[in-house]
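Look for chain A in each of the two complexes below; its partner is chain B in the first and chain C in the second.
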Partner chain A sequence: MSLIAWSLPKKTQLPAVSLLGNLFVLWFAPYAFVAMSISACLVYLISHAKSQKGHWVLLGVGYCISQFLLLRFLQEHSVDLGLGGSFSVLGVAYFTCRDVHYLVESYKGNVRKNIVTFWYYQSFLPVMIAGPINRYHEFEREIQRRSLDFDQISKGIERIIYGYAKVTVLGNYLIEHKIQSYLTQLPNQESILHSWLVSLADWAYLYAQFSGWSDVAIGFSLCIGIKVSENFNRPLSSKSLVDFWKRWHISLSSWCKDYVFTPALLITRNLFIAISLSMVTMGLWHESSLYYIFWGIYHAIGITLCRLYMKQDNEIVEYLRQRFWWSSFTRALTIFYLINASVFIGLFYDGLY
Partner chain B sequence: MYRFFGLIDRALPNNVKQFIKGVWLYLLVLMILYALNTESADFIYWNY
Partner chain C sequence: MKTLNDIYQNLSSESNKKKTFIKFEARHFNYQEVTLSIRKLSGFFRFHCLEKGHRILICSDREDIVVFSVLSSLLNGISSAVLPTDISSHRAQSILETYQPDLIILDENLTAFSEASFPYFKIKDKKATTTKGSLLSRFINRDNSPDLSMFEAFEAEEPNLSAMSDNLAFVNFTSGTTSSPKGVKITYKNLFSHLETLGKQFSYNADSRILNNLTLSHADGMIQGPVLALYYACSLYRPCSTDLQKLEYFLNSIHREQITHMITVPTILSFMDRFASYNDYFDTRFFQHLLSVAGALNKDLWKRVEQRFKTRVCNVYGLTETVAGGVFCGPNDSTYKTGSVGVPVDMDVKIVSKEGAELPKNIEGEILLKGDNVFEGYLNNVQATEAAVKDEWFLTGDLGYRDEEGFLFISGRAKELIISGGFNIHPAEVNEALLKIEGVAEAATVGEPHPDLQETVTSFAVLKAGVSETKDSLLRKLPNFLEHYKVPKDLFIVDQLPVGDSGKVILAELKNIISHSRNKHKKEEILDLDAFFSLVSKELNVDKNVLSLSTSSQDLPSWDSLAHLNIIVSVESAIGFKLSNQDVVSITSLNDLWQIAYKGL
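Entry: the complex of A and B
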């Protein structure tokens, strides 16, 4: 892809990359391609209509979200549409977020009308499948700045190697193949310690996979000459849960902060409701199930407690904050709360059925 | 720990550091190939 991006004449480089992106999705997920094209056309038409009104933007956001839920439902329940081929919704969660972002930002007046840049933005392959939810204005700035830089290309290749090593060596081989299969052979499968170990291995596997693919996406983008925002910033060294969600899947957290948390807080004036709505949205983004609604509420409780603690400024809390061991303790507590998520929700979920 | 790596970073000349980095990346590629050979090569499957 990097070869296509740089070997062609300057004016045809980005169209070729975008066309390749479109062909890739059309080949591997034709249904996702159709859905993506329809929503992209609708989003562009609403965003740049002559008399732009709030209710049209709301309708556009509603369409994007319902399309996302419908595609997810069809995939999760393996519904056969009778059109042949496998049903895959490759990248649907990412392009829905990008569409909502574009709609809202254009309503705010932060987006310049340019259909070609919008096409590049929608069809940018490296971030289409598993990459960060990149912002339109950042992308527009990057394609204007773009120039052939071998140093950047070598950094990109290095990043791809690191990312793919995380996915295959760390995630697939070490954690899934070795550690998780070792855990299944341990005695006392029902004990709480075993559940913690399994949960910890799951988190580590998820981190290796997710941050690995993000690294690959960022590396590919660098090879094309476009810098994409980071998605992970050493999340395991977080001092608190609030800090963790600023470091883990940064692009989705910041998207939720801008388009769910802030509007919800302005409307309800209630911190817990706003946090719960954001976390449930994040949960449903992962999978449309009851389990992930509980997942969202569990994390919302944790974040609200954490924020309440951070607001405290009495003498005891101030004394503790200055101690070195206290920061180590809060780091350990954050990890402990995270690994308990699947244990608690699993127990609660099993109790329901 | 950071100080230790900082000392090494300052003590070594640039070409030696580049060589070490090259060897490390080569080893990583070898490890990827090994992991792909032992595991089922799940190249890309992402539901999102």
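Entry: the complex of A and C
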């Protein structure tokens, strides 16, 4: 792809990259391609319509979310549409977020009308499948800054190798094949310690997968001359839960903050409701299930408690904050809360059925 | 120091590599194309019997034609002068009489030279590049061939590279009264010694990529642009104009074009400080130096720009009479001190009292400069030359002092000059234009401090008895006698001008009148649509009646980037709050501005 991006005449480079992105999705996931094309057309038309913009934007957001839920439902229940071919919703979670972002930003007047750049944005293959959820104005800026720089290409290739190694060697082989397999062979499978170890391994696996594929996407983008924002920033070094969600899957967290948390807070003026809605959205983005609704509420409770603690400025809290061991304690507590997510939600979830 | 032969050899050897010489927004020219164009123009000059020692005058909006004509004439020993296309016919005529060109190359639609009795060559109106058509054709349309079809009939010939160091290379016309236009004579020695200094100071070489889109009729645009690129066989990038709406695109070009040197004016730095969205424009492994030229750089702005964009701003101090510069602040630590204009390089500086005695350190006086880059004199103007050059020392007219470490500081001006957006404007020229309007008895002009433009022009007029001219009607008439950027931003009609015992106008009192008026204006102004149009018409120098909410920057030639900023500043002061950066850059029509201002109110 990098070769195509740089070997063609300059004016045809990005159209070729975009066309390749479209053909890729069309070939591997024709249903996703159709859905993506319909929502892209709709989003662009609504975003740049002259009248009744507010209502139309709401309708557009509603359509994008409905389409996302429908496609997820069809995939999770393996519904046969009778049209032949395999049903795949490749990248639907990402292009839905991008579409909502574009609609809202255009409503706020932050997007300039340019159908060509919009097409590039929608069809940018490196981030289509596994993110990050890149922002339109950043992408537009990168198009304006794009130039052939072998140093960047070299860094891009390094990043692809690094990311792929993270996914395969660290994630698939070491964590999944070795550690998780080993954990299944341990005695006392019902013990809380075992649950913690399994949960820790799950988080580590998720990190290796998500951040690894993000590295690959960032690397591929660099090879084309487009810089994509980082998606992970050493999440295990987080000092608190709030800090963790600023470092973990940053593009999704910031998307939820801008398009769920902020509007919800403005409407309800209730911090817990706003956090809960964003965390539940984040959960459902991963998987549409009751489990992830509980997952969202669990993390919302944690974040709310953390925020309440951060607001405290009494003598005891101030005293603790100045102790050198306190930050190590809060770091450990953060990880402890995270690995207990699956334990608590699992217990609660099991209790329902 | 290089010779013309060395320069031409470099040009020819680079032409084999297809390296870019100059890149405009829509098209670029590689060295091969430039070499061919220079040869074609050499043939063109021969056809018009132009030889070493002759003079050409160029006035065109076609930047490619201007650049190639100047470079070709430079190599052929023909001196050139470039004038802005919005020049008034009065000034054009007086320059022609002084310059006596052997050929004028001008756009065919220019009316300023209609009464000229000199040989001319008219440049046909370039057909607009088609942007319509199929999506595919917009992508694959590559029109990079030099469009010099009008020179097609002429044989490509080798340039005559025999000019000597004391031959005339350029004549740059500075602001001055039409009765005595000042044509600064720049010889090859002046030019090349200055280019050598620039190279030494800022490490220019064949790999340099310069971003400079200052106007080509300005010495900093031409000398530190195409001429510098030719001298060091490097590349020059001249993107779109630096309109606020295109500021991001302009700044992003630093990364895209792998720019090594950016040459700009304090006004653009101020725009960047106020309206740029990001801080990392200079964060590329290629970028080396950011240069501020043509005007004093405010110390606060200087610090803000450096802190925000994480790059050192180098200041170049000089005048047209020193080609473009001579005193440099940065890039090295030894020559760098924020607030100063730095230290002289390849020049001597001394500070003198009114009586001409050299002053010690830290005492303010007039700054005098001496060096190989100091001009030979004003063309056909012995009186002005004698007043400006004494014993090889050039009297800059700027007041300043040197500190213990030898850094030069500018503290004021001994001569009357207004510097607005990097352009020098002589108040006498504005007064002269005002007096040309029938009904104006007396006129005076002062500079008013401005946060972005450094200064703006404000004039005072005393009307003859019984004359019913208004401020708006006078401002509308002025563009007939003045270039657009010299037209006052504000004008006061007064009963009489304050004069001192010697009979000279007291400028300090005029400034007091402005200051009182501004404070009063702020308190009284209430923005309604009528007041809004009045405000805008004043800034755009157009009749209020021609404005409507649908008027956009495309409709009015006077709505340039500076006017855009002026409109916004006026509206901001009228409504009492600042518009957001996002709002400012998104405004393209009066309706946009009105909606934002009205919503804010």
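Note that the second predicted complex is superposed on the first by the 352 of 353 C-alpha atoms of A that agree within 3 Å, B and C clash if a C-alpha of one lies under 4 Å from a C-alpha of the other, contacts with A are read in each partner's own complex, and residues count from 1 in each chain.
Keep this in mind: a residue touches a chain if its C-beta (ideal position, glycine included) is under 8 Å from a C-beta of that chain, and two chains touch if they have at least 3 such contacts.
It should be emphasised that the depicted structure is a prediction, and the values quoted were computed from it without experimental measurement.
K.L.:
Considering only the touch criterion stated at the top, classify A:Y164 as touching first (chain B), second (chain C), both, or neither.
P.N.:
first
K.L.:
Which partner chains sit in contact with A:N114 here, chain B, chain C, both or neither? Use first/second/both/neither.
P.N.:
Neither partner.
K.L.:
Identify the partner contact of A:R145: answer first if only chain B is touched, second if only chain C is, both if each is, neither if none is.
P.N.:
In the superposed model, A:R145 contacts chain C only, not chain B.
K.L.:
Looking at A:T268 after the superposition, I want to know if it touches chain B, chain C, both of them or none. Which is it: first, second, both, neither?
P.N.:
Neither chain B nor chain C is touched by A:T268.
K.L.:
In the overlaid three-chain picture, which partner chain does A:S154 touch, first (chain B) or second (chain C), both, or neither?
P.N.:
neither
K.L.:
According to the contact criterion defined above, which of chain B and chain C contacts more residues of chain A?
P.N.:
B
K.L.:
Could you tell me if A:I129 is touching chain B, chain C, both of them or neither one (first, second, both, neither)?
P.N.:
A:I129: touches chain B, not chain C.
K.L.:
Quick check for you: in the superposed arrangement, does A:P9 touch first (chain B), second (chain C), both or neither?
P.N.:
After superposition on chain A, A:P9 lies in contact with chain C alone.
K.L.:
Check whether A:Y94 is in contact with chain B, with chain C, with both or with neither, and answer first, second, both or neither.
P.N.:
Touch partner of A:Y94: chain B, not chain C.
K.L.:
Using the superposition on A, tell me which residues of chain A are in contact with chain B and, in the other complex, with chain C.
P.N.:
No residue of chain A touches both chain B and chain C.
K.L.:
What does chain B use to touch chain A in their complex?
P.N.:
Within the complex, chain B touches chain A at residues 25, 28-29, 31-32, 34-36, 38-39, 42, 44, 46-48.
K.L.:
Using the touch definition up top, name the residues of chain C that touch chain A in the complex.
P.N.:
Interface residues on chain C, with respect to chain A: 135, 139-142, 248-249, 252-253, 255-258, 278, 285, 582, 586.
K.L.:
Going by the contact rule at the top, pick out the chain A residues touching chain B in the complex.
P.N.:
Residue list for chain A touching chain B: 75, 89-94, 129-130, 158, 161-162, 164-165, 168-169, 172-173, 176-177, 213, 286.
K.L.:
Show which residues of chain A lie in contact with chain C when the two form their complex.
P.N.:
Contacts found on chain A: 9, 11-12, 15, 109-110, 112, 116, 141, 144-147, 149, 151.
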